[in-house]
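Each chain carries a letter (A, B, C and D) given by its place in the written order, and its residues are counted from 1.
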Amino acid sequence: MNKNVAGIWSREQMAQKIAEDIPDGSYVNLGIGLPELVANYIPADREVIFHTENGLLGVGPSPKPGEEDDELINAGKKPVTAIKGSCFFHHADSFAMIRGGHIDICVLGAFQISEKGDLANWSTGETDAIPAVGGAMDLVAGVKTVFIITQHFTKNGESKIVKECTYPLTGKRVVNRIYTDFAVIDVTDKGLYVIKMAPGIDFDFLKKNTEAELHLY
Amino acid sequence: MNKNVAGIWSREQMAQKIAEDIPDGSYVNLGIGLPELVANYIPADREVIFHTENGLLGVGPSPKPGEEDDELINAGKKPVTAIKGSCFFHHADSFAMIRGGHIDICVLGAFQISEKGDLANWSTGETDAIPAVGGAMDLVAGVKTVFIITQHFTKNGESKIVKECTYPLTGKRVVNRIYTDFAVIDVTDKGLYVIKMAPGIDFDFLKKNTEAELHLY
Amino acid sequence: MINKIVNSVHEAVSDIFDGAIVLISGFGEAGSPIELIHALIDHGAKNLTVVSNNTGNGHVGLAALIENRQVKKMICSFPRTADSVVFPELYRKGEIELELVPQGTLAERIRCGGAGIPAFYTPTSVGTPLEKGKEVREFNGKKYVLEYGLKADFALIKCETADRYGNLLYNKTARNFGPIMCMSANSTIVQAKHIVELGEINPESVVTPGIFVKKVVHILHPVSENKLISENFSYL
Amino acid sequence: MINKIVNSVHEAVSDIFDGAIVLISGFGEAGSPIELIHALIDHGAKNLTVVSNNTGNGHVGLAALIENRQVKKMICSFPRTADSVVFPELYRKGEIELELVPQGTLAERIRCGGAGIPAFYTPTSVGTPLEKGKEVREFNGKKYVLEYGLKADFALIKCETADRYGNLLYNKTARNFGPIMCMSANSTIVQAKHIVELGEINPESVVTPGIFVKKVVHILHPVSENKLISENFSYL
């Protein structure tokens, strides 16, 4: 498949699309890496509270250089700050928030997403890899709405949106919406519905470059 | 049976016997009523920390008249104080202390104790009684050592220490030691062993006035 | 903007619907949200299942809610206390249901309801009448009873201090069931003696994180249940 | 008199026996009790099962404990992090066991171990390879996996402030697994930056009640794992 496509969304634009879909007042958990960008694009008139599973509600922006604190980090072990009105808690309480359905939205990366909303994002199943799952399975099992942010293709140019995941699953039927550099796609009981496409992408091109079946509303 | 016996222990003496058996540094939960007396007799050279299941570790003495606080009470809903080094916590954490085996000793009252250490202390099983259990079942299931403080006889002059409890159980095989106005009795795998008797009580008298079988070490 | 502060107790309880499961904080009087309960009496929602450690005292607060026939069923550990008269009378007449739960099991069921745990095993009540009808299972040679998480529609909570995010502090043993009830309810309604600006509560000391709270109403001088009872006050 | 303060890290870890289950606090570096771990290396107990979210970094702390071949098995959620080199190498050689547990399940298993709950059901890992071999059961039409409480012999914990009763405060996200690990271990050993008099910690703000703590040692200036790693320091 073609890896070089004109008129697709940048990482920042993907993050911005997600940020626009997060309502005022939401409690949001951002996964490690690409998802962290989302925090930069929350519209100024909205107040969104970020949760990090290592025990902080009210994650603020990155600290200025020289002001990092080894004991104030996010789930990716990066230094963060805490906003006014934040609070700290232990891991069991933190995952009570996740598992108990108190977090409104989480944004995660993906290796594969199936057309039924299955997610694989923790292991490529390679035999000599060290398995590591972290909080991913808890997040998809407990958070009300799961957004995925990912490049449309793998590094090898294969579609990440597939009929059935071949990698080990993180959760079954857990994804609600997928944001790629090509399109924004809803996962529904009736299948995958495209709701937005990048300017250089049309539906025919998208279908051709996606293993799973796609629909338009 | 004879209710009027000379040379038996008073309520205060029973409480004192228990207090003497509580090691320095113990965490102790005292039941409502008679057990509360125990706090008054901890030897001065011992530091014992009292837990109340409504969320306080470090219960202090009763407040002076006029200094009562409606929001600082014990499990019996009586006003208490909090010592230096005390801490407050919620009910799930409080019962984690109990159920998780962190409380060393609890002192409870009884309707009946069987020779196997079964305890009945929450319901007389009367049909029109309002059933109420509180934390008694959690305490006997979780606390390492369960001491019972009780009159040897019921109000009707019947032995409270029985072969089998006829009242609804609070827990099975949970009692470790019984302190009555007549004697101190250990509950062991081999039966009930008398370890102390009040000055006016001898073993024959005790046996005659106890439904369960008693032994001497 | 997030602002969970509402202007009146009536606004605070306005969403409570007939048949709802309502958690009410408090152990005896300590932590009992009397003003919110009285607003629920005015509001009038019926056929409620109420979860609270006790059943109220005299003719105020929870006892008055029961007396007003809004409660179909009580889930509690200790329904009869010294000043409890309303519940025992209705219970003896068979006009209110009771689910009796050991206090620690009640607390853990509520916490699990809030933590997404549908069921857990506990040693409490094994071998007693309260294990009746429940699954008993052995782990490492010891018996345990299966108990279910308790998830509620609403919680009525009394606390000491709140901010507009809903972060809460409590006062002494009035904390009791408050924090875990906040976790378990879909909609947690709180009366706070003090409302402070964001940042005034030390983030290390927050007891209930705001994520567990829906609405907060300011009640600077809550009534004393003890005082009302000593005055033979009746809310109805 | 209750005085849980001990004079040295060596005294603090002296009871740890071969084959023990040891909980070690921390999420990455934050909250990792480096001085206690190094004392455990000096102490030399072997065949340990260590429960910690990660497997340590570089050649210090938990990574050094593993490198010193004192750990038979790791129970953790994320064994490979940026600076983790020791565990991956031993794991690939088949010289250390791994029990991989989702982070929230790990936290809840530890809390349940401390709370006397032998087992609970959770939605996490249903339909994934990590449900393999586990009981799956439906509640209200949804599937859950049975998980077991995790009870340990020892916990090594880093905190900010302690008093002689063992009441603890933590610092920011260094709190993480500390409070629940204190609950689960038969013997909880704590290193505290500050030791204060009884009463100096606000009773409303205590995070770990002293009942969960056995020994406290004063480490005013703990090393920074990040700094040691940037200097290529090795403890062994």
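FYI, a residue touches a chain if its C-beta (ideal position, glycine included) is under 8 Å from a C-beta of that chain, and two chains touch if they have at least 3 such contacts.
All of these numbers come straight from a predicted model, not from anything done at the bench.
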item: Pair joined by the larger number of C-beta contacts - B-C, B-D; value: B-C
item: Inter-centroid spacing, chain D versus chain B (mean Cα positions, whole Å); value: 36
item: Chain centre separation (chain A, chain D; CA means) in Å; value: 29
item: Junction residues of chain B, two or more chains touched; value: 82, 88-89, 92, 95, 98-99, 141-142
item: Residue numbers of chain D (touch at least two other chains); value: 108, 111, 115-117, 122-123, 170-172, 204, 207
item: All touching chain pairs, where touch follows the definition stated at the start; value: A-C, A-D, B-C, B-D, C-D
item: Of all residues in chain C, those that touch chain A in their complex; value: 1-2, 111, 113-117, 163-165, 167, 183, 198-199, 201, 203-204, 206, 209-212
item: Complex interface listing, chain D residues touching chain C; value: 108, 112, 115-123, 139-140, 142, 144, 148, 169-172, 202, 204-205, 207
item: Residues of chain A that touch chain C when the two form their complex; value: 24-25, 27, 47, 49, 51, 57-58, 82, 84-89, 92-93, 95-103, 141-142
item: Chain B residues within the chain C interface of the complex; value: 52-56, 69-74, 77, 82, 88-92, 94-95, 98-99, 118, 123, 128, 130-138, 141-142, 168-172
item: Chain C residues touching chain B - in the complex, by the definition given at the top; value: 27-31, 53, 77-82, 87-88, 91-92, 98, 100-108, 110-111, 122-130, 170-180, 207, 224-226
